[in-house]
Amino acid sequence: MSTPTLSVSDLRVGSPFNELLHGISFDIAAGERVGLIGESGSGKSLTATSVMGLLPETLAASGTIRLNGVEADLLTAGERRLNSLRGNTMAMVFQEPMTALNPLMRVGAQVAEIMTVHRTEKGRRQARDRAVELLAQVKLPNPAEAALAFPHQLSGGQRQRVMLAMAMANDPQLLLCDEPTTALDVTVQAEVLKLIGNLVTDRGTALLLITHDIAVVAEVCQRVLVMYEGDIVEDGPVGRVLTAPQHPYTQKLIAASDLSSVDDRGRLHTMSMPVISTPRAAASSPRPVAADAAAAPILPPHRAAHQRLEQGGPPVVFNEVAGVPAISVRDVSRQYRRRGGGLFAPAPIVHGLREVSFDVGEGQRFGIVGESGSGKSTLMRILCALDQPSAGTVDVLGQSIAGASERQLRDFRSQVQIVFQDPMGSLDPRMRVRDIVAEPLRNVSRADALARVEAQLNAVGLDADVMHRHPHQFSGGQRQRISIARALITRPRVLVADEAVSALDVSVRAQVLNLLADLVDEYQLTLVFVSHDLGVIRHLCDTVAVISDGRIVECGPTASVYDRPLHPYTRQLVSATPSMRDLARRAAN
Amino acid sequence: MVFVVLRRLGVFATTVVVASVVTFLMLSILPGNAARIALGVQASEADVAAQATAMGLDRPAIVRYLDWFGHVLIGDFGTSTVSRQAIGPEITDALGITVILVLTSVVLALLFAIPFGILTAVRQRKPDGAILSGISQIGVAVPGFLAGMLLVTVFAVTLRWLPAGGWVDPGEDFGGFLEHLILPAIALGSVQGAVLSRYVRSSVLEVMREDFIRTARAKGLGAGPALFRHGLRNAAVPVMTVLGLQIATLLVGAVVIERVFSIPGLGSLLLDKVALRDLPAVQGIVLVLVVFVLALNFLVDLAFTLVDPRLRSAA
Amino acid sequence: EGEPDTALTVGLLATPGNLDYTTTAGAAIPQALLYNVYEGLVKLDNDGTIIPLLAESWTVSDDGLVYDFLLHEGVAFSDGSPFTAESVKFSLERVKDNWTANGPAYLDPIASIEAVSDTEARITLSKPSNSWLFNMSGPVGTMFTESGLADLATAPIGTGPYTVSSFKTGDSLVLATNADYWGEAPYMTDVTLRYFTDATAQTNALLSGDINLISGISQFQLVDQFKSNTDFQVLEGASTGEVTLSMNNASDAFSDVRVRQAVMYAIDRQAVMDTANSGYGLLIGSMVPPTDPWYDATLADLYPYDPDQATELLAEAGVSDLTVAFKIPNLPYAVAGAQVVKDQLAKVGITANVTALEFPAVWLDEVFSGHDYDMSLIMHSEPRDVTAFAAPTYYAGYDSPAVMAKFAEADAADATAYIELMKEATTTMAEDAAADWLYLQPAISLADADLLGVPKNTPSLALDLSTIAR
Amino acid sequence: MTAVNAQIPTPTGPTPARRSKNGGGATLWAGVVLIGLVLLAALVSAFWTPFDPEGVFSDSILLPPGAEHLLGTDSFGRDVFSSILRGAQISLLVGTVAVGIAALLGVPFGIVAGMNPGRLDQFMMRGNDISLAFPALLLAIIFGAIFGAGTVTAMVALGIGTAPAFALIARSGTLQVMSREYVQAARASGKSGFFIGVRHVLPNISGMLIVQASVSFGIAVLAEAALSYLGLGTPPPTPSWGRMLQDAQGYLFIEPLLIVWPGIAIAVVVLGFNLLGDGLRDRFDPKMQVNR
C-alpha cells in the first residue's frame, strides 16, 4: 500500500482542564473520500484544526500528524513550514459561509490571494484571471462579475462555492471540510456536496468531510469515521457502517437518523446511551401518555386535496376546510421595509409573503416546508398575532386576528402557543425554569402556578427539581422540552412550532419529535409545524404545504406530496432529502 | 434618490433648529446681568438699566430667539456685547485653533494607538503584551491637564526647549506655530492615544476571533499578514466611531489643555464669554459646537459607507 | 551683541474684552492703554504723585475753582490730528454724555471748559475738589480726538508713546511705538501684552523665557522660586488693592457695630495673610494704601487678634449661634482667604456658610447689586475708593452721615486740611468696623534680571511701559 | 446619523451563558482591589481621619512628609493624607451620582426606543443625537454658570452628558434582546411591553450596562478633576482630588510631592474602574465593547 496522504496517529488534544481528544489515529489515502461524523462536541472540528495546525492557543496537542511528501510532523513543524503547507498542500473549508469571508474584500481578490500567497501564479493579474476560472469551475453564474462582488452580495450557497474555489485553487493533496453545508438549504446543500465530490474525484484529492449528518456522508464519502466523546469508535466503508454498524453508538445514531423508520407505537427510534450527561429525564424516553397511546395516530378530521399553484395561475385556497377551520388564512401578504437603506437610497421593500390562502382543520397536523427566506417564519408570526399582515385576513379559532388589539387577543393568547427553534434563544437566560414555564399563565395564584408548572414539566419528561435552575444548565433537548412545557401550560388548542428541532442533534431530535407527537395526541392539538426539513415534516404531519418565495406552491397529504410531488420545486426538495434506506442502497453501490 | 437626500437634509436641519432652541433656552436662564458687567461697580442702577435696554436684553425671549436665529441662518452671529465686534470671525478664529489642536492631537494619538493597540492585542497572552496593556491603562487614568502640567514643567520651564504656552498663527510664523503646537498636542494626544489604543486593542482582539481570519490563516497567511490584510480594515470600523465621538467631545474637552497652555481656542473663548455673559457670543459658540458635532456624526456616517461595502450597496 | 533688544513681552492676567474704556468697566483696558496709548493732562507717577503730562504746567486760582493748564506744543494724535486746547474741551465735555463706565461722575465738579488758546485750557469747577485733579490722572482725563472715535473698541487713537498694532481678545495686545510721539521715545519698541487665565501658566511662561515681565502676580506662592533664581528680579511694591472682608452693615447679622467689631477681633489678619497670601501683603486696618497721603499705619493695630474680646462683644450684643451667609467671588485669593476666615470665625462661635459665586456675573448680581449677603471677601483695587465705599447705597450698607459729610468737607478743603480730614473720616470708618480691611495686596512684579525701570508700585490703574529699558 | 448610532460598537450576545470560565479573572480582581481601597478610604474617612481635612492650621503649612503627616501638609496646613482619604468620598460620590443619573435617564430611554422600532425610535434617536452634541463638559460649563459651580452641578452635568451613551448602549442591547425568541414567546403569551422591558430586556442587557457604568465611572472621576481644574468642581474646603491637583500646581516648585498624591489617587480609582470594566466585559461577553 502506498503512503497515505494523511496519517494521524495517537492524536491527543487537551485543554488545561481536561483531555478533549483521547489519542485518535486514522489514515486517508490519496483520492480517498472520508467522512467524519459524530455528535456536537465529539471532537470533529478539533481533529481538523489539529491537522491544519490552527488549534486555539489555549489547547495543546500531542501525537503525530504526517502529510505525504512532508518530512516534518505537522504538530511540531514551525509556523513558517505550516504556512507554506496551508492552502497549498492542504486546504480547509469551514462551516459558516456567512462569516468565513472577509466582508470588506471582493471575493475574487480573496480567491486570488491564496495563489499569490503561495506564488502558484506568476503575478496578481494571472491570479485574478485564475480566480475567475476557479469561480467558473465551482459553477458560480457569471464568474467574472461574481469575482467583483463583496461577500454580502452572494447567497450562502454561493459563498460556500467561493470557499471551495479558494480551497481547490492550489490543487491540494488534502481537503478538509468542516460541516461545509450545515448552514445551507437542502437543495443547495445537495449541489455543493456534489460539487465537492466531483472536484476531489477529478483531481485525486484526499477528502476529510466533517458533518453530523449521516446523509451527507452517504452522499459523498467512501469511508466513514464515527467519533464519540473524543474517540474514533468506528471506521469502515460507508455502506457497511450504514447497514451494519458495529459500535452501539453508531447503531443508535443511525437508528435515530432514520425518520422513516418507526417503532410499533409509530415513534422514532431514540438513543438510550447517556449521550447527554446531566439530566436523568432526558435520557429516558418520554413516559407513555396513556395506556392506549400506541394506537394508530388520530385520523385527520379532514383529508386535504393535493393541489399545486400554477405558474402565473390564479391564487389557490389550499386545504380548504368545510365548516369552521381552526385556522383560516386568506390572501395574506406581508411586505417588509428593510431598515436603514443607507445614506441616499429609499428603504428596499422585501416580500415576506404574497397572497397566501389556506385552512387548517381542527386537530390537523399541518406542516409547512420551505427554504430559508421563503416566508415560513413570517407566516408563523402572523398566525400567532406577533406580526400583522400587510393585507389579507387571518381567523384563528373563529376570531379574526388581523388588526386585533392586544385586549381582544387575550383569549387567543392562551389558545395559541408557540415553540421556537432552540439554541438558547427561546428561553430567557436570566429567568428560572419555573418562571419561564409559568410566564403564559395569567390570573393564577403563585402556588397554583407552581403546581401546574410541576405537572407540565412532568408531562414533558422533566423532573420537578429542574424548576429552580437556569436555562444554561440544560442540554438542547431539555431546553426544547422546557419550551414545549411553556407552550402547553395554558392548555392551548393550537400549537405552532417554528423549526422546533432543527437545532438539535439527531439523537435528541428523535426524542423531541416523539414527545411532540405524544403531546399533540394527548391534548388533541391542532399543530402547525414549520421546518425546512421535509423528513421531519413527513414524520410528524398529515398535511404539508410547500412554500417558496412567499407563496404556497403545493399542498396536500404528506405521503402524497412526498411520493408524487406536483410542483418542480417540491420535486427538487424531495430528491434532496433521501431516506436512510436510499442512502444505504446508494452507498453500497 | 433626490427625495431621500432632501429628507435627510430635512432631518439634519430640524435637528439643528431643535438644538438652537435648546441652546437658546438653556442660556436664557443664565443669571447675571451683562449690562452691569459691562459698566462695572461704579455705574448706578439706572445706568445699568439703560445699558440693558441698549443691548436689547429686555425684549421678550421669543423675539430675541427669532432675531438671533434668523440672523444666524444668514450667517450673521450678531455682535458681541463685550468686544463689539462681529461674533462670527471670533468664533471661526477660535474654532480654527481648536480644530488644529484637536486634529493634531488625534493624529498623534492614532500614530501611537494603532501600533500600540495592535501590539497589545497580538501579544495579549505574552507578558510584554500585558505590560504594554497596563501602560495604556495607566495612560487612560491620568488626567490630561496633569500630563500637560508635567510636560510644561519638563520641556518648557526646566529644559526651555519649547514655549510654555500661547499660540502663533501658522500663517504668521510656521516654525513658531509648530513650537507652540507640539506640547499641547502631545498632552491632549497622549491621553486620547491611551484611550484609543484600548479601543484598537479590543477591536483587533475581536477581529482576530473572526472566522475570516481563520480562513486567511488556512490559506497559508501567517498570523501577522492575516491580521494586516484582512483584520485591520474590519477593526477600523468601531475605532472610527469612537474617534468621531472623541473629536466631538474634544472640541470642548480641549478647553482644559487650552487653559494649561493659554491657547485662545473655542473652549477658552466659551469660558471667557460665559464669564462676561456675552450672550450672543455664547449662543453662537454653543450652536457652532453642536452643529459641528452633528455634522461630524454625519461625516462618520459617510465614512462608514465608504469603508463598508455592506452599507454602500444597501444604498 | 549689536542691536539692543527692545522687544518686551509682558504677561498679564485679565484680558480686556475690547479697548474702549469709555463704555467698558474693569482695570484691564486702562492697564494696557492708559499712559501708553492714551494720555491725559496729568498722570500719577509711581509714588502716587500727580505730575504733568500733556499739560506742561497748571495754576489753580486761590478759591480752588479755576484751573489754567498750559499745554505742550506740537503734540499730535497718532492719526495725525493735532492736540490742542480744543481737544481738551472736546474730550472732557464728551464724558458726561458718552461715557458709561469708569466713573464719568468724577468730572461732575467741572462747570465749564474753555479753550483760551491752542495751548491754554481753562477749566472752571463749580466747587473746589481735591479729588478732581487726581481723577483727571485716571481714564476720565483721557484726551481724544474727534477723528479717532470711529472705532474705540479696537483702534484707539491717543497721544501716547505707543499705538495698538494688533489685538486678539483673550490672547494678546501688541503695541508699536508712535513714531511721532511728542515726548521722549520709549526704550522698548515692540511690546506684547500676553494674557493668561492662570497664574501658574503665567509664571511658567516667564520661567521658560516666553515673556519678560509679569506685572502684578496674583498668586504669591509662585514668587519664592524667583527669589532664589538669579535670572530674575522680584520687585515688591504697593498696590491700591485692599483685600476686604466686607460685612453687610445693613443686614440683621451685622447692623450692630459690636458684632462687626467682634469679627475684627476674631480675625487674625496676619494668619490670613500668611496662609492665603503666602505672607505677602501689608496689614492696613483701613481702606487706605500707603501711597495715599492720609495713610495711617497705626490703624493696623486697631483691632488686635483677640478671640476672647470677640466672644465678649458678641455676648454683649446678645448674639449667640450667629450664622452668616459668606458669599465670595470665585477668585483664588477670595477662596483661599475665606477658608481661613471661616475657620477663625468658627472659633468664636460664628458659623460662616461659604458660597463661591461666579465672578463677575453672579457676584455683582447677588452681592453688589442685590445686597443679598452677610459677608463677602473681595479686593477693592480702584485707587482712592474709600469714599465710594462709605456711600450708604454701596453694597457695604455702611450708613454714616458724619463720615460722608467729612469726605465732602475734605474734598473742598485746602491741601493740608484735605489730608487731615480724610484721615479722620477713614479712621472713623475703621473704628466703626465698616469692613475688615484684611490686608493690602502687594504689587509684585517678576521680571528678567536685566530689565530696568519696571514700575514697582501700582498707584493707578495704568501699567506705564515708558520707563522700562534693558 | 442613523448609521453612526447603529454602528456604535455593541455587544453581540448579552447572555450569561457566554460567560467564559475564567474570563477577565486577574483584571477583574485587580479592579476590585483598587476600588476596594478607594471604598475603604471613603468609609474610614467618614468616621476618622488623622487630622481634620477641612480646617486651617496656620502653624503647619507645607510640611514635608514625615512621621506625623504621612504625606506632608498643604498650604493651609492640612494633612494631605487626611485630604486624600476624604477626597475618596467626593470621587465616589461624583462617580456614583453621575453614573446613576446617566443610567436612570439613558437606560429607560434606550429601552423604550429599542422596543418601538419605527417612528418613535427614529424620533427618540434624533433627540439622542442632539443631546450627544452637548458633551458633558459643555453642559458643566453652562450649568455652572446657571446654577453656580459645585459638586452637585458637576454631577448633574456629567450625568446628563453621559446619558446619551447609556441610551445608545441600552437601545442596541434592546434591539438584540427583542430579536430573541423568548421575547416573541412572551409576546405570544400576551405580556405587556412594560413587562417585557422589565423582566426580559433589562436583565439581559444589564451586563453591558454594568460594563458601561464602570467605564463611565472612571470618566466621571476624570471629568470632575478637569472641572475642578477649571474652577467648576467641588469648592473648598471639601477635599476633592481634582482641586488638590489644581492647588498643588502653584507649589510645583516648592513642594512637588503635593501634585503626586492626588494624581496617584485619581489614577488608582480610574484604573480600578477601567480594569473592573474590562474584567466584567470579558466575563459577560468577550465580544463586547462599549462606547466611551
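In order of appearance the chains are A, B, C and D, and numbering begins at 1 in each one.
In this text, a residue touches a chain if its C-beta (ideal position, glycine included) is under 8 Å from a C-beta of that chain, and two chains touch if they have at least 3 such contacts.
Note that the structure is predicted; figures quoted are calculated from it, not measured.
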Sort out for me whether A-B or C-D is joined by the greater number of C-beta contact pairs. A-B
List the centre-to-centre spacing of chain C and chain D in whole Å, with centres computed as mean CA coordinates. 45
Report, in whole Å, the distance between the mean C-alpha point of chain A and the mean C-alpha point of chain C. 87
For chain A paired with chain B, centre-to-centre distance based on mean C-alpha positions, whole Å: 50
Once you find the CA centre of chain B and the CA centre of chain C, what distance in Å lies between them? 39
Touching at least two other chains at once: which residues of chain B meet that condition? 30-32, 149, 153, 259, 271, 275, 301, 305, 311
Residue numbers in chain D touching two or more further chains are 2-3, 145, 249, 252
Quick check on chain C: which residues sit in contact with 2+ other chains? 200, 358, 361-362
Contact pairs between chains, per stated definition: A-B, A-D, B-C, B-D, C-D
Seen from chain B, its contact residues with chain A in the complex are 1, 3-5, 8, 125, 210-212, 214-223, 225, 229-230, 233-234, 301-302, 305, 307-315
In the complex, chain B residues that touch chain D: 11-12, 14-15, 18-19, 22, 26-27, 29-32, 137-138, 140-146, 149, 153, 195, 198-199, 202-203, 206, 209, 237-238, 241-242, 244-245, 248-249, 251-253, 255-256, 259, 267, 270-271, 274-275, 286, 289-291, 293-294, 297-298, 300-301, 304-305, 311
Chain D contacts chain C in the complex at 55-56, 58, 61, 75-77, 144-145, 148-149, 231, 235-237, 249-254
In their shared complex, at which residues does chain A touch chain B? 52, 54, 57, 79-80, 83-88, 91-92, 94, 96, 99-105, 113-114, 117-118, 150, 152-153, 163, 166, 338, 340-346, 348
Parts of chain B lying in touch with chain C, wherever the complex brings them together: 30-33, 36-43, 45, 47-48, 51, 80, 82-85, 90, 93, 149, 152-153, 156-157, 160, 162-167, 259-262, 264, 268-269, 271-272, 275-278
